[in-house]
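Same chain, two partners: chain A is paired with chain B first, then with chain C.
Up next, the complex of A and B:
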């Protein structure tokens, strides 16, 4: 009602529509693509296909969860793919000590990489793009130095982690679901979660109101690193091979897309976990649909690029222009 | 005083030190053949980094140049069957169009540069796969293409033509950025966009132009590289954007925009390539070490820049290039 006083009704309606599209467009998108597939794609409604899609979306979703937290603080993490490569190489190197040790080392490596990002961003005051870009180059390089070429993994436990299932749902999907629950809890119910959104909204105000801004930022990047490492472990377990050269290549783009398509603005100050999940599912279904209908990878990539631009265009901050 | 000197010429000083050390410590480093290798190898990166310098001085970033570089190579090799003019024009037009699209989305729609150029990186990758039939076909540059001897030629039998082109382009870039009204506009946009707009600087036009320029530079570099190699290799150059950004930053250009110069970028490119050459020459080190070193370099340089421009330091404040005080103060 307050807005209507300004006397530009049609523009207000358009703005409301745009805001609605930004917040809920992703669910419409998922619904449309599911309907399209039900009608035009044979065997889409099979349980097996559902499993395949869920397993394939899990790593991207896990990475996107961490990315959503980082983006909510107004930052960005381009290094997630490199962190996945680091975690894959850690698995290959430490599998000799047993799968538990190997996975732990991989997660610690992810936390360490995230800590480097966090220290550079929060304490040295370097732009997030550049700090994480450096790790994006250096991290994959380091992973390749440690494990120069694809290394097969022969370990029953890891194999089970990658392809086994519990109650007919793959472990990979269970892990993703648990991580979603943890992140939702963090964002909704903890001071840390409130704090990170407040930092993204207005860092100066957050500082003045006594929030531990630097510590929160550091923790957010560490969390993003650990989540990326989990994705690296799961991908390695599924492939039954550690491949630092190709694991997680361009995943930062998929994750950022999922977050942005899901309605979290790149400027920070807001976070939408449900939207992020829907965003990841939307991009996964888009790619799967294009592949099922025999469109080559080149088309999929160009379509993804168009969706990213479209989503960012819808989500852009209109107050600035 | 010495801080400004280091910000300005740090890359050159370190480059000189590395060259002296490598010359003393490594046999065969200071031979004509090796230096020629380094220079020619650096020339393609230098052309990309030149365009990136303009983008970063406006406070933006272009993450698409590595893939655009690769796309240009594939396009040039594909088009070379129709002659030299096509081999040169097709990639330049396509890459210029990609750069212009980046510029339009960033300048007119106000989207964040990194996400736009990240998306166009993916788009160009798709386009490159389409041209190379999903990466199954490597287009070859036919023998007897008129462009080939031009690229492989040497002035007076000494300086390779790519190196010569880099010298000419950087001289031109230096003049444009440092001595022209448009160059001052570029600094003004990077220094403070709103002030620049209030002073009557065509902010949107300048931004659109620098991204187009960056696309063109990456396209030119990719074309030359394909002709140099004799084929359009699809994986060559992916990731070059990181090297280009590192070179620009090492060269003293501030990532926050408003301060920088093309001569520093040239020194930054040479420094990166000399270090890579040394790493290759020291036996037993894989090429993956180059990436580690590039990443470390970037962090160290950015930290050093941060330290040099900390509050209280004699920081470079005036948005000017080598030409002296900015002239954009006049409305």
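Up next, the complex of A and C:
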């Protein structure tokens, strides 16, 4: 009896601690790495530095927003990097009509790619990891057929999108901020947002309670595709070149990492947008710190792996009941 | 009762399938129908004079060892009667690979030689099977641009048995010359690094901080271009300090994001040595974004692509060391000489040119 009681009590405390670390650990991580850099990295506390980090993290963050929604439904989207490549190639192909048309075509391409994923997952009942894997391979292949080699972008408006600023904040960062606001609004204030979390929590229950499960899933994948396309447009504008061969390579892993490190479980049923942002920032600062201190790139990979293992370890106790 | 809310639709199965096909078609259509890219920039795509572009052998750098067909095994042949197989290592998406493949194809066409080609898309095991396929399709002479230098035993066993001559271009295959392969034709990557160092020393007057944008890790091109550079800097310019060595993975995006980071934390950087043109161009974009002007940071790159040489004219890049990918003429010349029983050098090093402010404008037409 006594033994059982004394055995239970600390376990509860440990569970609370674990849950707290799981939910807020990412912010502690960001705080630690920022403090480290303030002390040890020259010129870290400068506006220019914040500009560089914000601009570099923006595409990953935008992709991670879409990924967070997909993961909240219990799915995953491996095709985001390929969609970025498609979006980059659409820019190169349609820039002759002006930047507005080119960007619109890129976004429509993203939506169409998302629709393929969504239809395969929601209607054909194919597992998300398989359905999106197909587009991950095929999408980049298609992008490379369309634009086989890097093409420089000379259009001034599009280049300004990548390098210009408004009120001293780069356009790229403004766009990321607006998209964060939109996604937060969707998740917190709309039926659609509640619905997608409910589907991830228990799809059967969501169906029985009359939620438009398939339509919601389709929409989530379309949204993820469009967000990836936005990231592709911004990367292209920033690079001043459309490079389907290397744009967004492995970004699906960075995005999934940001989402998981931010406290959204891979099993779905829960979504943490603020955590996702912090997760993306944490990974960005990790890379930046290692570059600024000129450590070998293999260290970056190992540090990232350590953070992921830590995050997944903390999330392992999450059992849905 | 076990149906989902879509139960009411007339044909719940065929509709989504149709939609999926429709969405997929939209993707393809969007991408191809009525596309209109930007107008090409002025200047035109004039190929320049072919003489300036051709590879030239560096007699001094090549070894003395030669190889003739009776040493190698196999029978003599007349190049115009045999099938030649060419195995490319990486996707033709960068200027170097595009030009290399084009050069091989053009030379085969000019000589009226039947050529079969394959591309391993950066997958080494695929390149092994590619070459085996070329052999089974009847290739009697092989030109290989190897992805890796090691791991070729399965192919070499087969070619040795059949007496098929192998000419490797741009990267070497580790093995015994005249036993495993006939000859290697390529640049001296370490020498490219040393020449890049010379240009950097010249730009900085022997004093300052240099950052290196490395290529892909674990690649002999990266290793040798680094070794040559450091060796020369260490020997000739003790006043130059190498403060950063970070990989940009040979891509423009990699070069851009790494340069943004390092310029931010060390704004006093004096020079950047980019191990290929793409990373160098990425560095230019990053410096522009950080408010630097042309010439504030001396950039030295390796490759000799047109984009980079144009940046010399604009003042952004200080110098470009060429790595000439036009292997066609020399490779076929070696194959022909070897087939007719002549001795062929086993290590054919080409002389790479360089571009800087003094010749960029005049010779940009030679860049690929």
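Here, the second predicted complex is superposed on the first by the 309 of 321 C-alpha atoms of A that agree within 3 Å, B and C clash if a C-alpha of one lies under 4 Å from a C-alpha of the other, contacts with A are read in each partner's own complex, and residues count from 1 in each chain.
Here, a residue touches a chain if its C-beta (ideal position, glycine included) is under 8 Å from a C-beta of that chain, and two chains touch if they have at least 3 such contacts.
Here the structure is a predicted model, which is why all the values come from computation and not from measurement.
Q: Quick check on the superposition: with chain A as the shared anchor, is it clash or fit for chain B versus chain C?
A: clash
Q: Is A:250 touching anything from chain B or chain C once the two structures are fitted on A? First, second, both or neither.
A: A:250 sits against chain B, while chain C stays out of touch.
Q: Looking at the overlay, what does A:297 touch: chain B (first), chain C (second), both, or neither?
A: both
Q: So, does A:136 touch the first partner chain B, the second partner chain C, both, or neither?
A: A:136 contacts chain B only, not chain C.
Q: Taking the superposition as given, does A:260 touch the first partner, chain B, the second, chain C, both, or neither?
A: A:260 sits against chain B, while chain C stays out of touch.
Q: Touching A:153 in the superposition: chain B (first), chain C (second), both, neither?
A: In the superposition, A:153 contacts chain C only.
Q: Is A:306 contacted by the first partner chain B, the second partner chain C, both or neither?
A: In the superposition, A:306 touches chain B alone.
Q: Looking at A:70, would you say it contacts chain B, chain C, both, or neither? Reply first, second, both or neither.
A: Once the two structures are laid over each other on A, A:70 reaches no partner at all.
Q: Considering only touches as defined above, state whether A:120 meets chain B (first), chain C (second), both or neither.
A: Both partners, chain B and chain C.
Q: Quick one: is A:179 in contact with chain B, with chain C, with both, or with neither? Answer first, second, both or neither.
A: Neither partner.
Q: Which segment, 171-179, 189-197, 225-233 or 315-323, is the chain B region that clashes with chain C in the superposed model?
A: It is 225-233; the other listed stretches have no clashes.
Q: Could you tell me which stretches of chain A are touched by chain B in one complex and by chain C in the other?
A: After superposing on chain A, chain A residues 120, 124, 142, 144, 148, 297-298 contact both chain B and chain C.
Q: Which residues, counting only chain C, touch chain A once they are in their complex?
A: By the definition above, chain C touches chain A via 4-6, 15-17, 19-20, 23-24, 26-28, 30-32, 35-39, 41, 91-95, 98, 217, 243-247, 249, 251-254, 256-258, 260-262, 264-267, 278, 282, 285, 288-290, 307.
Q: Help me check something: in the complex, which residues belonging to chain B touch chain A?
A: Going through chain B, the ones touching chain A are 61, 105, 109-112, 114-116, 118-123, 125-130, 134, 239, 242, 245-246, 249, 255-256, 286, 288-296, 298-299, 302-303, 306.
Q: Which residues, counting only chain A, touch chain B once they are in their complex?
A: Chain A reaches chain B through residues 76, 120, 124-127, 129-131, 133-142, 144-145, 148, 250, 252-253, 256, 260, 266, 296-306, 308-309, 312-313, 316, 320-321.
Q: Please give the residue numbers of chain A that touch chain C in the complex, ascending.
A: Result: residues 41-44, 46, 48-49, 52, 55-56, 86, 89-90, 92-97, 105, 108-109, 112-113, 115-116, 119-120, 122-124, 142, 144, 146, 148-155, 163, 207, 210, 212-214, 235, 238-241, 243, 245-247, 288, 291-292, 294, 297-298 of chain A touch chain C.
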